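Both complexes shown next keep chain A, but they swap its partner, so chain B is in the first and chain C is in the second.
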Partner chain A sequence: MSLPQLKNILRAPTFYRLLSTSTACQKSQSGRYRITPRKDLPLTYEMANPPHQIAHRKTWNSINTSNLEGGLRSSETAIEDIFIRKFMTGTWHALFLSEIIIKRQHNIIRIAGIVRRSVSARKMYFLIGYTEELLSFWLQCPVKVELQTVADRRDVVFKYI
Partner chain B sequence: MMNISKVALRSRVSRVKLTSQLAGLATTPDEKIEIPKRVPRGPTDILRALESTVGRDPTAAHYKYHDDPYLIPLSNNGKRVFALSQEAGRKAAHWIRREHADLFQHREADPTIEAFVPPMVFDEKSEVAVTDLQKLIKTAQVSDAVVVYKLLKEKGAEVAPELEQGLLELVCYQNCEDGLSDEFIEEKWFKQSQKGKEKLRKTWKDGDFAEQLFMNLPNKTPEAYCAIIQGMAKYYQVDRAVQLFEEAQQNNIPLNTNTYNSLISAVNIMKESFDLRWSLVAQFLNQMKDAKLKPNLGTLNAILAALSSMGNPVGARKYALMTLSQFRELGIEPSLGSWSLVLNTFYKDRGPVSTILHDIINLVENKEHQIRDLKDVHFFVTAMETCRFYLNDVSLAKRIDRLLHHGENYNLIGDSYKESVYYRHYFALLCANLPIEEFMNDVYYKLIPHIYVPEPALMAEVLNQVDVNGAIEYVPKLWSDLVIFDHAHRENLIEMVLNSMTNNEELLTPELNEKFATVGWDIFSRFDDQDSYKVSRMKVALSGDFLGKILLLLARNKEFEKACCVMEKLDRNQQSIAGVPKVEALDKFVDLCIEEKAPSRAIACIQYCVDCGYGEANAMAVRLHKKLTLDEVFLDKLTKIVGDISLAGAKDSV
Partner chain C sequence: MLSFSRKIDKTAFRALEKHLILAYSTSSEPQREEEFRVLNLKHVKGQTVQRRSVRKAEIQPPRTTQMPVDQDWGNVWPGPRSFHPATVPLPIRQGYTPTGVAPGKYANAELMKIPNFLHLTPPVIKRQCEALKKFCTPWPKALDSDEKCERFFPLEVASSDYCHSSPTIRDPLARIVSVKFKLGVLGLEGRAKDKFLRLVGERYDEQTDIVTIVTDRCPLKKQNYDYAMYLITALYHESLNVEPWEELKSEADMEVYIWENNASKTSIEALFGKEAKEIENVEQYSQAVVRYMNEGENQYTVEQYGDAVRKILNLPPVPR
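Moving on to the complex of A and B:
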């Protein structure tokens, strides 16, 4: 241990803060789920696979080319994707059972996911029409919603931990 | 696509020529390789070529619906509701964008895409310019255009005469009303066309903006006269239209062909009898001749439309043929709309049946038709209707259907109402005339449910054909379809299903027996379950006859428990159930009870028979007594029901 560091430690406490400017990686925590004592936390297939399985056992939730070399609008794409996810979970309240998958091809955005059949089909159609139209006004490109429905939320459970 | 194949063909032909010549070593020096001319392509040609390879898949729902079992509509109501719900959602989004226009002012795309930008809102305080008016007229936004025009006038801005003419044409065409936006196609598709109902009613808005604008025009051009007369004639304000027409004639204002056309189509309101109407048509045509105007397709259709709704079918037919031949000489080819009007003229309820439809189909077959007149969308439905009601000709119907599916002709089907009427006629015609197996395999399974969902009357027709032909193997499928299509609460259909299941006993197989019992039990439980009874629109309870038939079906398949349920219901609700079951069903049930060794059930049934007044109760009692050894209690009961004598006789005979 060098002398200045020792000095610092031995110094009397002052109003003194440290700032880390690099992003926290938290590699051992993010995208993973902790085992519960009762082993009753339901996980979908997507949740059950930790991030290092992306492109092996599961795929990305946002599929676009903005982060490839020469890709355009990478920061805008990320912000828009967050907006879309928040919009979807809010508009389709407590209906989505899966992650919201956002696929971009040319100028089209396709939003996919699995929803519960807890509202009638006609309400679902209303929401589809509303979502597609409002998001396309907001993002100013064609937006399509591609849903699959399941009868029960347990249908998407892959395992319990 | 066609061009590509042509080119390929041509080059192949020339190659074949070349090789054959080489083989024969007979090369002539003047033989040249023909290089095909370059075909100019548009930006979307490749997409069109690809699209032409994809047809309608009858096993899948229309692509406007979501491809998910829960979201695929199977009944007519479902199709309508789902598509319109989605459009309602889109409208909600439009509303939000309009209400919060300030939030939607960002510009993502360069150049800006107009469709994503909130619409301009105009009121008394808006700052407007002439270009706004120009844009509004171009996009046919009637009420906004009117507001902007008034604002411009107030401010004293100079509006060019061409712009005023454009505005006048717009308001005359739309009758000062905003039309349905192109954005909402489902609403257009599902809107029941009201035109037929209010056909001859004046809907022109008297003294509204169109007339004011016309009156205030500083110099009234011939175009202005044309616009206002056409508008009035279109919305049946015929008196004023004629008045303006005469005014124009007196002042030597030249009018165009379309104005005459609109007046000709309104002839039936102006005059009463056939002769007067026809002479008026002739008068207009002569005036056109004097004005040296060349008639067009609109003229032809206007004349035919006038003729089709005149009385006197004989005269109308004669004049229709004359008109057609004259227009052929003029080189004006009739559109599909003209043919549908000809059909209306030739096929009336009275009079001999004409065969002109064959000639028409010969003319229009194997061609791709474009829309050339608004009436063109009536052709297919009229042709199929004629085919069903007057000609009853399957091969002709198939030719019409082939024409409809040729190229992009399906665009001419009109709207959802016309489409379903078209298929109703086609379906009914085939149902009545094809062998039942062929009908079910080629038509029913193909068209239903994604392309067409039959109405209750047509389902009755199909059930009837199935019953008549003894093709009872289709009944379970038809019943499940009835349930899906929301027809399962209709008494006449239930009756037909039950009848065809019970009547054709000689055709039964064990498999069918089982299926029929399931269907019977399904019908029974649908009515028995009080909750679903309220939810579904079942008005009536099952009658005694229906219950008897269900009992028979269950007894045939030896489903004792379920049969007992039905019997109990019959027995318990004797007062409330209308009618009584047939005795065969009860007889069968007693046999089943004997087989299952359940004398108490059998005795209850015999009691019920006696209550209903069936003489066969005695025979049943005897049979029960014979087949089963009854203890004292049961014997006592039986004696009480049918009396001593018969039992004694039975005992003797045993």
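Moving on to the complex of A and C:
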């Protein structure tokens, strides 16, 4: 038995906790859904296809040229995309039924998605203008919100598991 | 019987009328208003909770249902945009299902993800080209062949612009400028050409006679272009310069064998007793000697040299 191990054993018991600051990479679990006993968990098309089906059965949710060879601002683009997603889910609270799709075309950022018609059209127009205005001020480039509305959240359900 | 004077205005009359109606009507509406609401803290079973019925907003039918057949699609979809099912009158499906048909266009996020070219239909492209035509100038008629283009515009300048999907339009690779030209157009001869090739180094391609100068040391494209032009000018004038020490170059400093400067010429002149130009077949002989000295001794050069000697001395050729 080595000396450090012996030291550990002889030390008086203390109460301490360990903290891991790096995010857990649960790549075998993330993006996959478990079958429920009653088979009543609604899944959209996006959720029904696990991540390894990207580029086969479904596409990416962020489309830009940053991660191509010779692309610029890859880290900034990723951070901005996370910010846009957080802002959209917070601003359009419980309205988005799909993932938030962020497409970049030159300096334009297009934000697309499927939204429930639970708020009035007037409020929705306000939210579109509000989002475009604030995001284009923060990101310093034109932002366009291009939405599609559905009447019910069951419209986007692809299957139940 | 009540009688009202004409001075009573209409509003007062109406208020009275309302009052009368309220007093004599049998409906329960006014009574409900007066009913005192009871604060019910505990949920008693008999309590009726009025559920507010969700008023559904009236939704217009999809725009595709109202589209005429001969509409101008360029006005419906004027610019790049995410796919919208109510605007595109096509029965598109996208997605994979192990059994059954693929998901339709409504509420389909996959169709919204992919970039579309609905704004670039052939008639729209034609229209845009027509609009851009007035900004174009015709090709000069005099430049009808590639040879003329090369003669009048010997410089070929190439630089790249980059389009990224990012808010910045700067790309460091856009600064690189490459300039190509044929060495022949400079009109350099002999010593000047030799000097130019020494200065240029491996930027000269012997096969095509093209000199390529790539400049990337300045931060801007314009600066790099100016620098390339400066380099060409400097190279040209530097190769035309003759330094005083260049005159001191002796036979031992020569990098190639030149027949006219060497002992071979003087000895053959002494042998024939006349000028080298007047001797028959001296061209072949001098070339054979130059090749022998420059390329080194091998089967071919030795045979060439032997043939040339036999010819210049009027001897019969060796039967092979």
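Basically, the second predicted complex is superposed on the first by the 136 of 161 C-alpha atoms of A that agree within 3 Å, B and C clash if a C-alpha of one lies under 4 Å from a C-alpha of the other, contacts with A are read in each partner's own complex, and residues count from 1 in each chain.
By our rule, contacts are C-beta pairs under 8 Å (C-beta built on N, C-alpha and C of every residue); 3 or more make two chains touch, one makes a residue touch a chain.
Just so we're clear, the structure is a prediction, and the values are computed from it rather than from any experiment.
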Message: Touch test for A:Tyr45: chain B only (first), chain C only (second), both, or neither?
response: second
Field: Partner chain in contact with A:Gln148 - chain B first, chain C second, else both or neither
entry: both
- request: Spot which of chain B and chain C makes contact with more residues of chain A, would you?
  value: C
Query: In the superposed arrangement, does A:Arg117 touch chain B (first), chain C (second), both or neither?
result: both
Query: After superposition on the shared chain, which partner residues are touched by A:Asn61: those of chain B (first), chain C (second), both, or neither?
result: second
Message: Touch test for A:Arg104: chain B only (first), chain C only (second), both, or neither?
response: second
Message: Output check: A:Phe126 vs chain B and chain C. Expected answer is one of first, second, both, neither. What do you get?
response: first
- prompt: Just chain B (first), just chain C (second), both, or neither: which does A:Val156 touch?
  reply: second
Message: After the superposition on A, what does A:Leu139 contact: first (chain B), second (chain C), both or neither?
response: both
Field: On chain A, positions contacted by chain B and by chain C
entry: 117, 121, 139-141, 146, 148, 151
Statement: Counting only contacts in the complex, chain A reaches chain C at residues 44-46, 49, 57-61, 63-66, 70-73, 76-77, 97-99, 101, 103-107, 110, 112-114, 117, 120-121, 139-141, 146, 148, 150-151, 155-156, 158
- prompt: Which residues of chain A touch chain B in their complex?
  reply: 117, 121-134, 136-141, 146-149, 151
- request: Flag every residue of chain C that touches chain A in the complex, lowest number first.
  value: 56-57, 59, 80-82, 84-86, 95-96, 103, 106-110, 112-115, 162-169, 171, 173
Message: Using the touch definition from the top, list the residues of chain B that touch chain A in their complex.
response: 66, 68-71, 73, 78, 81-83, 85-94, 96-97, 104, 106-109, 113, 116
